[in-house]
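Structures for review follow.
There are two complexes below, and they share chain A, which is joined by chain B in the first and by chain C in the second.
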Partner chain A sequence: MSYFLTQVLNGLSFGLVLSLIAAGFAIVFTSTGVLNFAHGSVVLLGAYLVAVTHPTIGFWAAVLVGVVGAAVVGVLVNALLVRNLADPNPGTAAILMLGVDILLLTELTRRIGNRVLPLGAPWGADVVRFGGIALPAGRVLAAGVAVVVFAGLWFLFARTRLGIGMRAAAADGPTASLMGIRLSRTGATGWALAGVLAALAGVFLTSFPSPGVAPPVALSAFLAIPAWVLGGFDSVPGAVLGGLVIGLVTALTVGYESELHVLGGGFGEVVPYLVMIVVLLVRPQGLLGSKEAVRV
Partner chain B sequence: MSELPRRIAGLVLLLVAVALPLVLEDFWLQLGLFVMATMIGAVGLTLLVGVAGQLSLGHAAFAAIGAYVYVWATSESEPTLAGAGLPAVVGLVLAVAVAALVGFVFSPVASRLRGIYLGLATLGLVFLVRHLLLNLDPWTGGFNGRSVEPFTLGGFSFSNRDPDYLAVAGVELEGLHRLWYLFLVLTLLACWLAANLRSSRTGRAWANLRDSETAAAAMGIGVARYKAAAFVVSSGYAGLAGALLALAYGRLAPDVFTLTVSVDFLVMIVIGGLGSVGGAMVGALFVTALPLVLTQYSDALPFMAAPGSGGLDPATTSRLLYGLAIIAVLVFLRGGLAGASRRLTGRRAASGAPDDTPRPTTPIAPGHEAGDRTSESKETAR
Partner chain C sequence: MRKTRPALVAAAACVFAVTACSTTEPEAAGGGGSGDVETGNGVTDSAITVGVLTDLSGPFAAGAAVQVTEFQAYWDQVNADGGICDRDVEMQVQDHAYDPQKAVSLYRSMSSDIVALQQVLGGPTSAAVLPLAQQESVYVGGVGWASTALQYENNQLPGASYSIQGANAIDYLVDELGLSEGDSVGVVYFVGDYGSDALAGAEHAAAERGLTIVPQEITPAVTDLSAQASALVQEGVQAVVLGAAPAQLASLVGVLSSQGADVPVIGMNPTFNPALLDTPAAEALLANTYSITSVAPYASDAPGVQEANALYTEADPDGALGWEVPLAYGQAQLLRTALEDACEAGDLTPEGVVAALGNASDVDTDGVFPDGLDYTQVGESPTRTVFVSKVSDTAEAGLELLDTYEGPSAQSYTFG
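For the complex of A and B:
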């Protein structure tokens, strides 16, 4: 029983990290209509900045550098590239982001090389125990931070002028623009927020039990795509829910792999994508998404 | 007739392609094989992405299916590895058919989703197929993969034997030479078919779909059916490309068909110009040849560092160049290389650039390749 509980808690805490990334996908998508394939490399970029700056300025300042750096890159990509597309539409924007992803990921891979950079997180390999269940301290912290971040996002979108403006812009850009909402500002805010979420997720993805900052982190961020799709393309709460579901399903598949041997080794890696394909087939708008988003 | 110079240019290119193996070294022959195999895949993808406007990141999965089906069909059964021992031509046909069939099975998803949503679903396909390749050991050889039998056609082998000695103009035609001609014939067939398909009733229906599904449906085009058809055709092309890649590599492993391969195919068609068959071919040449050529000549290039040294090694350099090329094309060069060459020659199609812009008002003909002359009225009035 405690094995099962451990797996569930592991899954949920990992799921919250995925939710952070998935929410970034959803925010960029609603604020500018872009499928941000470069999000995974931004996650890696945030973690990389923390790893290279923490020896000189300390961990917490380094996290700040990572968060700001990732946000700035997001805003720049939007302002310099996405808004200047010769032919702006979701398809070309998605391919453009693939190009940005290739550039960022190649450059980061070149800088990191074969090394695994230590993140320097002060919680190290600590483990939190309660009632026979052990969880990595990083995961517990990740869950706490995610909850705080999501509360902040809720406040932003529900209670502030900026957030309500962003929702209006997402619902109907031209009309929102006529009502005096500056789409360039809501778009930039969306990209900055996504960068912040990506960097935070990067920190938790690369601290214990993960060995450190290495290029495959960008690929594991891909796991957030099924979470995003599952929740619905334009819904931040959906992204959170999707992350939890995917985290849970993955953890349980990995945890009980010996019983699921029929499905082949390493099934835990593909189960999120399987879930995603089934969801797209049965309910293309996702769990909490609005239907319009899918019709385009 | 403005067709004439183009035909002459095409004929000259063809003659060059036929004559090249007589003078090239093995490295270049091998390179040519990879380029031609990826050309076929890129052309198939441009039909789906460029003409029909559906994003796909699953091309590597279908190429993998084609490659493994070909190898399974043509290999003899061994104790640990299954094989059907069929003739190579049958294997090639099966590779295309099975890849297309899997595309067909997936097409309920493909026909319900549009554009980037399909891109996401196909992304999952790459991971699923990779999982199957790793786990279906008896057929795929698992992680280590399996080796590929040489292509044979009625006793004539496309390897260094059977017949042992074959020479034209004093040049001995070895396996690579023979494969070159095989690939050349298949590539020409595939590209010719794709170009015709694009300007056929089906191709015009796809372009209509891309521009506006509603308008297409109003004009009597079965939206779901045509989207599924685009997906199936593109999967078949990927299957053929995969089988040829298997022949070019001589050995298969799941790592040959990663998500990166899917992305590379997309890079090819974007650089070449979405929707253009010629552009896809040029894009495939650029993307496939660049890293191999840089690797081959890295000693002669002073800025090139050894792999893994943290400097600009050939693989890194070529990936940085692709990334830059994609961004440059999408931001500055509307319509890719095909669009640019059309503007340069001043024969810009009156009907717009080859892109996947949704134009909700009027259905507009697909982008033409340079010199692809058909009046717009003929394209739209169906």
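For the complex of A and C:
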């Protein structure tokens, strides 16, 4: 039983980090309609900024630098590239984001090299024990931070004029614009928020049990894509739920692989995509995505 | 529909353009004879050109740059000492960015200008280039240690294959680290020509020694091995063998330690990076982590390794240290031997270099690789001996050489 609980907690705590990334994907999509395939590089950028600045300014100030830096890069990508697209087609924007991803990742890879940059997190390799279960302290903190962040996002979208404006812009941009909502402002806010979430996720993805900042972190971010799609492209609560589902299912599949060997080795690697496909077959709009109305 | 014909014409034009690039007359660039030595592509009266297809802008850029620096330093020294066959050796370095398509294009464009390929870095890239180079009888070195590369007679594997590393890891656990019949060993690996090859060797050795293997397949994107480590602890493994990358090594060892599992972990050649000793996993790594490598670690006191390190630190005093330094030096030594043998045989053509490689039965590299490398049997690993090191914070580049080792299961492993 304690083994089952260990794997459940492993899965949920990692799933919350995936949720942070998936929520960033969803926010950018709802605020500007862009499939942001550069999000993985922004996750790596946030963590990289923390790793290179913490020796001089301390860890917490470095986290601030990472968060602000990732947010600024997000806003700049939106202002300089996305908003100036001659063809506002989602496909064009997605290809553009792939280009941005390659550029950012190439530069970060060049700077990091074959090193693994330590993040300098004060919790180091500490673990929290309760009952017979040991969980990395960083993951427990990640869970706490994620819950606070998601509560803040709920408040933003449900209780503030800016958040309601963002929802209106997402639902019907032209009408929202006619109602006086500045789409440039809601778009910039969305990209900045996604940057903040990416940097926070980057910090937790690169601290123990991961060793530090290395280029594969950008690949890890892509594990959040099934969570985002599963939750519904345009739903932040869906992205959170999707992250939890993917984290849990992956940990349990890996944890009980010896019992599931009839499915083949490495089933844990494909199970997120299998779950995504099954859910989309049953609910094409994802778990919490808005259903597209089609008038025939 | 109206656009179909112009599109087809454009596509055909592109095909012709590409084909035109790849049909250079093989003998156009060099060729002919010079004195008593027959020469061909990549060899003139004054120079021998060798190619390097490496990754200078992709995921392995940093390690690749270390190797290019060392190659250049090695050939500069060879040239200063009189060169090979009275000619200077020049390198033509191209960046494939870990892209197999690009690697093939670059190979096509350089193949008529080189006598041999010093290196094709990367599994997928070398898998794309090796068959082409075999058709044209071009020597290829430095493709890593995948057993799949052994089938090519033009390939020179720099030491023992991954499967031999994996088999030796199991033998070492039994003979030196106290495991016994009935114990189980976890193998965490990347699926593909690296990790799966190491797993094959470990499975063979486990069957020979009466151990049980608990495999855990992962991808490079997985840098948090909490779930995998918990599963291995649950299975009660007494040791873990890792065929992955440094990020996975640190995570696995750190999580095992946090769960109180004091078991030895043995990583294959690419798994260790000295930068890991600056991470929170350092203490756990120092406790019980070993590395099995085909090339001697940086801290080895073998004369070849000392010479390699001296050349490197002179060429790049601030460069990153690691096993890439002796590896690049050793690879250059192997190619030098093949070129000198070809010269001595009077045939310094690409075919002559491949023939010289096929006749090399007892190659020594001053301790960079195990002595007596044998390349006369296509499909066989040139050696069954590996280097065993322990992670250490006192040894340079983090690995202290314990011994060279060749276990009984590594000896009995057959390549299928």
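The criterion applied here is as follows: the second predicted complex is superposed on the first by the 292 of 296 C-alpha atoms of A that agree within 3 Å, B and C clash if a C-alpha of one lies under 4 Å from a C-alpha of the other, contacts with A are read in each partner's own complex, and residues count from 1 in each chain.
By definition in this document, a residue touches a chain if its C-beta (ideal position, glycine included) is under 8 Å from a C-beta of that chain, and two chains touch if they have at least 3 such contacts.
Just so you know, these numbers come straight off a predicted model, no measurement behind them.
**Q** With the two complexes overlaid on their shared chain, look at chain A and say whether chain B and chain C clash or fit.
**A** Overlaying the two complexes on chain A (C-alpha atoms) leaves chain C and chain B clashing.
**Q** Should A:A125 be classified as contacting the first partner (chain B), the second (chain C), both, or neither?
**A** A:A125 contacts chain C only, not chain B.
**Q** Which partner chains sit in contact with A:R110 here, chain B, chain C, both or neither? Use first/second/both/neither.
**A** After superposition on chain A, A:R110 lies in contact with both partners, chain B and chain C.
**Q** Is A:L35 touching anything from chain B or chain C once the two structures are fitted on A? First, second, both or neither.
**A** A:L35 sits against chain B, while chain C stays out of touch.
**Q** So, does A:V270 touch the first partner chain B, the second partner chain C, both, or neither?
**A** first
**Q** Which partner does A:L156 reach: the first (chain B), the second (chain C), both, or neither?
**A** After superposing on A, A:L156 lies clear of both chain B and chain C.
**Q** So, A:G99: does it touch chain B (first), chain C (second), both, or neither?
**A** first
**Q** Tell me which of 61-69, 97-105, 313-321 or 331-339 in chain B produces the clash with chain C after alignment on chain A.
**A** After superposing on chain A, the stretch of chain B hitting chain C is 313-321.
**Q** Residue by residue on chain A, keep only those touching chain B in one complex and chain C in the other, then list them.
**A** 106, 109-110, 113-114, 222, 265-266, 269
**Q** Help me check something: in the complex, which residues belonging to chain A touch chain C?
**A** Where chain A meets chain C, its residues are 3, 6-7, 10-11, 14, 106, 109-110, 112-118, 121, 124-125, 127, 134, 136, 139, 205-212, 214-217, 219-220, 222-223, 250-251, 254-258, 265-266, 268-269.
**Q** Where on chain A is chain B touching in the complex?
**A** The touching residues are 35, 81, 84-87, 89-92, 94-96, 98-103, 106-107, 109-111, 113-114, 222, 225-226, 229, 233, 264-267, 269-270, 273-274, 276-277, 280-281, 284, 294-296.
**Q** Within their complex, state which residues of chain C touch chain A.
**A** 57-63, 65-66, 191, 214-231, 234-235, 245-247, 250-251, 254-255, 257-260, 273, 275-276, 278-281, 283-284, 320, 322
**Q** Which stretch or stretches of chain B touch chain A in the complex?
**A** Contacts found on chain B: 49, 53, 55, 108-109, 112-117, 119-121, 123-125, 127-128, 130-132, 134-136, 263, 266-267, 270, 308, 310-312, 316, 319-320, 322-327, 330-334, 353, 355-358.
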